[in-house]
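Accompanying notes for the structure given below.
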Amino acid sequence: QEEIARNIFEITVEGELKKEMSAPVQFVHIRVADSFEPLLRRPNSVAAIDQENSRFTMIYRAEGRGTTLLSEKRIGDGLDVLGPLGNGFPVEEAEKKAYLIGGGIGVPPLYELAKQLNSRGIETVHILGFESKEAVFYEEKFREFGETHIATVDGSHGTEGFVTHILNELPKDFDTYFSCGPTPMLEAIQWIYPEKKGFLSYEQRMGCGIGACFACVCRTTRSEMDYIKVCSDGPVFPAGVVIS
Amino acid sequence: QEEIARNIFEITVEGELKKEMSAPVQFVHIRVADSFEPLLRRPNSVAAIDQENSRFTMIYRAEGRGTTLLSEKRIGDGLDVLGPLGNGFPVEEAEKKAYLIGGGIGVPPLYELAKQLNSRGIETVHILGFESKEAVFYEEKFREFGETHIATVDGSHGTEGFVTHILNELPKDFDTYFSCGPTPMLEAIQWIYPEKKGFLSYEQRMGCGIGACFACVCRTTRSEMDYIKVCSDGPVFPAGVVIS
Amino acid sequence: MTNLAVKLPGLNLKNPIMPASGCFGFGKEYAQLYDLSQLGAIMIKAATVETRLGNPTPRVAETAAGMLNAIGLQNPGMQKVIGQELPWLEQYDVPIIANVAGTTTEDYVEVAKEISKSANVHALEINISCPNVKLGGITFGTDPAVAKELTQAVKAVSSVPVYVKLSPNVTDISAIARAVEEGGADGITMINTLLGMRLDQKTGRPVIANITGGLSGPAIKPVALRMVYEVRKGTDLPIIGMGGVADVNDVIDFLSAGANAVAVGTANFVNPFVCPEIISKLPERLHELGFESVEELVGRSHRL
Amino acid sequence: MTNLAVKLPGLNLKNPIMPASGCFGFGKEYAQLYDLSQLGAIMIKAATVETRLGNPTPRVAETAAGMLNAIGLQNPGMQKVIGQELPWLEQYDVPIIANVAGTTTEDYVEVAKEISKSANVHALEINISCPNVKLGGITFGTDPAVAKELTQAVKAVSSVPVYVKLSPNVTDISAIARAVEEGGADGITMINTLLGMRLDQKTGRPVIANITGGLSGPAIKPVALRMVYEVRKGTDLPIIGMGGVADVNDVIDFLSAGANAVAVGTANFVNPFVCPEIISKLPERLHELGFESVEELVGRSHRL
C-alpha cells in the first residue's frame, strides 16, 4: 500500500472472497488486527475491482485506532476481510449522462463506478470535495474518464467550499446522479436535485456488518418497512428513501 | 530471533538501557505489543550480555498470549524493554567450584553466569532439566564451560526424571550453588544441600516489575522484613531466605 | 468419543454453544454463512408486544476489548416474530430460546404467553436486564422483590420453561438469582451488559445517541465469570453463562465456573463463524483436559 | 499559556494528574525514574492500623485490556507510613493524598486521625471500596447508610479534607455518592476496581489465590466514565476520576464527564512514565480543543 494523500492510503488486497464482487460501493468489513483491541471490524468500500487476479483496491483515511493499524500493514501481511457486503450503485439506472458526486472518503467508490459507467458508454462528470490540497487524491484518474471538478474547504485547490457550490454552477443536463460522502452532503444534494434520479451511499456505525445487530439502521420513507439497515439493505439507497 | 528448541526462542535485543547490565539474572520487563491486549509487561531474564554492542540475548518459551506475540517479532521490529531490573547472582560468592542447576526456562540466565564464573577462574558444573529431548537447548554451549548433566522428565535425553535425581548421584565437592527454575525445584535443592552456600532465582507473577505494586511478594525468614519482593529485592535470594 | 450433549429444562442441546440474544438477529444472516442446525440452540433477538424502532443512532461504539450498544430492543413486535421469524427458523433442527422484553409486567406476560406457544420455542429468556430502555427492563433486574414477582407472573402463563436473564449492574447478583429461583424460574442466563459510556474526544459528546450503552465483549469476561461462579454457589438452577466468550477456552472457563451451557454474543461480529468453530474444537479440548463429556466438566472450579 | 492548575479542598494541584493508590507504592520506585514534584498529587498505598501482609500469591492476573489484583491492602502499618514513608516524600513539592483502609469504623477513625496530622498529607482518601479484603472494606462501600456513618466518623477526627473512594460494584452509585455527601465528605474519588475472576484454563483453578480480584485497566474505562458522568449529575462535590486512564485523551474524557482531577493506576505498570507524559501533553491537547484551562473543560459533556 502507499500514502496517496495526507493520511490517505491506497491498499490492494488479493484473495478469494466468498462472493464475486460486481457493483461498485459494495463494501468489505475488515479486521485490522488479531487482537481484542481494537475489537470490531471496520467497514470500507471498494475503490477498484480486478476480477482476473481476484484483487481489489481500497482507499481509506488513517485517523482512528483501527485505520492507523491498517496503514502499518506491510506487503505480504494477511488481512481478515469479510465481504463483499451490501448492495452497490445500480449502474444500469444511468441513461446517457451521470453526475458522480463525492466527498472525502466517499470519493473512492466512485472510481470503480466511473469505470463501469464509461464502459457502458455513459458520460460521467465528477464533482469531488476534499478538506484541502493535501487531501486530494485520484484527480487525474477521474479526469481520464471525464470532466472533473474539485472543491476544497480551505480553497487551497479548485473551488473554495463544498461540492454544493460547484453543483449550483453546473448545468442540470444529466439524467442520473450517484453520490457518496458525509450525510449532510447527501442531504444537500437531494435538495439541489429534487427532480432527478439519484442514488446515495450512506455511512453508519456498524457492529456485525451483515444485518444481524440492528446497529446501522435508518428511518425510511418506504411505507412497507419500519427501518432500513445500511449494511444489508444499503449502503446505497435511491434519493428520498432515507430519513436522516 | 530463532527457534532453538520446540517453542523455545532466542532473541537478541540492541539498544541503550537505562542502567548498565552487569550481574546475570537481572531481568527485563517487556511490552510485547503496542496494544492493551495483552496489557501487562512480561518479565524475562537475560541469558547473555554483550556490553560493547549494547546488546543482550534472552531465551524464552512461547506459551501464552504474550510470548507467542513476542515470537512473531521480525528482525528490525522495535521492542519496549524496561530494565535491567532486580538483582543478579552474586558471582563473587563462589570460591573454587560451583554447581549451576537449572530447570526449563530457568536455564537461560545460568549461561551468562557460567561465562562470568569461568572468567573468574571458577570451575562450573551444570545440571540442567528439561521436559523432553525437543525442549533441550544450549547443551553444547554449557559443555564448553564444563561438565554438563542433562535430565529430561520423559527420559528422551540424558537422565530420566528431574535434576534432583542427578544431584543425588553427584559428589558434594563444590562450595556454592546457583539455581533458577520452578519453585518446587528450588525447594528440593535446598533440602539436598542444607549445609551449602546457595543462591536461588525465584519466579512470581508481576505487575509493575519495579517494587511498587506488591504483586510479587514472598514471605521471608529475614526477621527485619515482613516480606520480600521478587522484582526488586530479588529475583535472587540466598538459600533459606524465601518461604514458599 | 466425547459427549457434547447437555440436557436442560426444555432444552436438549446437541452441544452447549448458542448465539446470545441480540447478536444473531433471528438467524437469517448467519444462515447464509453456515448451517444453523450445528448450533446447540439460538437465543433470538428480544421480542416486545408492539413493534419497537429502538434508539436513535449511533447505537454502537468500540471500547478497549469491548463495545457499547444501545439498540433499544428494536424488533418487529411479537406478532411478526411469531408469524414470520419463528416459522422460518423451523427449517433448522435447533431449539429456539425466545428473549422476552417489555416495560410493564403485563407486556412480559403477554409476550411470554403468546410466543411460548410457537412450535420451535423450547424456552423463554426473560430479559429483565436490558440497560438500554428507559423505564422498566433494567429496574426489574435490580430489585429482588420485583424480579421475583415478574418471574412468577411469566411462569404462570408460559407453556415452556422460563430462564431469567440477570443484570450485572447490581450490588448482589446472588440475591437476584435467589429471588428468581423463588419466583419459580427454571434457569438463569447471565450476564447482560455492564452500563458504560464513551465520549467523542473532540466534542466531549457521548458517542452513543442514547448517552449510555451496554458494555460487552472480552473486557467484561472477568466480571461475568466471577458472577457465574458466585451464583453457582447459591443455586442449583441451570445457568447459561455468557460475557466476552470468544473462543473454546472461554467456554471451558464458563463451564468450569458452573455454567451448564454458554452463549456467544459480541464475538459473532468479530468472527461470524465463531460458534461453529468453537463447537468443532470443543471435543478435542475436552479430551486434552481429560473429560469425556461437557457435563463432567461443569462446575469443576468448585470441586477443587 | 494554558492553565493546568486545579484547586480542590485541601489540594492546590499544579495539574490534575496523580497516580492512583496502590499503583505507585509510596513513590520510592518511581522517584528513580522521574521527579515526583512534576505530579499534581500522589495517592499513596492504603494504610491500616497494623502491618498487613495482604493476600497469598498469585495476586495479579491479566485479562483482556485489564488486570485483576488481590493485593489485600498489604502495607507496613500507619506508624511506619507516618514515621518513614511520608517524611521521605517531604523532599518533593507534591501534596499527598493518604489512602485509609480498615475492617471496622474504629480502624478507619484511628488511621484517619493519626495520618491526617502528617505535614505533607493534604487530604485523605477513604477506601470504603477495596474488593479484596474479607469483612469490611467493600461492605462499607455498598450500603449508603453505612457509608454515610463512616464518612461522618472519619470527618469528625480528620484534620484535612476527606475524599471518599466509591466502589463500582453497586446497583446505584449515585445513592452512595449522595450518602457520603450527606456524611460531610469534601470530595469523591472513583472508581475502585470491579470484582472479577480468571481461571487457569488447564486446571480450572482461579489464577488469583484470593479466588476473586479487582479488575482495573482500559477494560473498565467505559464503566468508570459512565459512573463519573452519573455521579456528577447528582452532586457538586469535587470528583477525582479514575479507571483505565492510559493517555491524555482518557484524561480529557474524565474531565469532560465531570471529574475535576484524574488518577492513573494500572497504566503505571504498562508505562512507568505515563504520568509525566500525560502532564506534558495536556497543555497542547487542551489548546487543540480550544480550552485555556483545565477548569474550563471540566464537565463539558453536561453542557452540550
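Every chain is named by a letter (A, B, C and D) in the order it is written, and numbering of its residues begins at 1.
Heads up, the rule we're going with is that a residue touches a chain if its C-beta (ideal position, glycine included) is under 8 Å from a C-beta of that chain, and two chains touch if they have at least 3 such contacts.
Computed from a predicted structure; not experimentally measured.
**Q** Touching both subunit A and subunit D, which chains are there?
**A** Output, common partners of subunit A and subunit D: B, C.
**Q** Measuring between Cα centroids, what's the chain most distant from subunit B?
**A** Computed centres place A farthest from subunit B.
**Q** Roughly how far is subunit A from subunit C, going centre to centre by Cα mean, in whole Å?
**A** Computed value for the inter-centroid distance: 36 Å.
**Q** Centroid of subunit C to centroid of subunit D, CA atoms only: how many Å?
**A** Taking the mean C-alpha position of each chain, the two centres sit 34 Å apart.
**Q** Find the geometric centre of each of subunit A and subunit B from their Cα atoms only, then give the gap between the two centres in Å, rounded to an integer.
**A** That pair's centroid distance is 56 Å.
**Q** Out of subunit B, which residues touch more than one other chain, so two or more?
**A** Correct list: 36-37.
**Q** Could you check subunit D for residues that touch two or more other chains and list them?
**A** In subunit D, 63-66, 217-219 touch at least two other chains.
**Q** So what shape is it, when you link every pair of chains that touch: line, ring, star, complete or other?
**A** complete
**Q** If we count contacts the way the header does, which residues on subunit B are in touch with subunit A in the complex?
**A** Subunit B reaches subunit A through residues 33, 35-37.
**Q** Quick one: in the complex, what on subunit D touches subunit B?
**A** 22-25, 28-30, 32-33, 45, 51, 53-54, 57-67, 69, 71, 74, 76, 217-219, 246, 266, 268-272
**Q** Which residues of subunit D touch subunit A in their complex?
**A** Checking each residue of subunit D against subunit A gives 64-65, 218.
**Q** Applying the document's contact rule, which stretches of subunit D touch subunit C when the two form their complex?
**A** By the definition above, subunit D touches subunit C via 63-66, 68, 142, 169-172, 194-199, 201-206, 212, 215, 217-223, 225-226, 229, 244, 249, 252-253, 256-257, 289, 297, 300-301, 304.
**Q** Looking at the complex, which residues from subunit A come into contact with subunit C?
**A** The contact residues of subunit A facing subunit C are 31, 36-41, 65, 82, 204-219, 226-227, 232.
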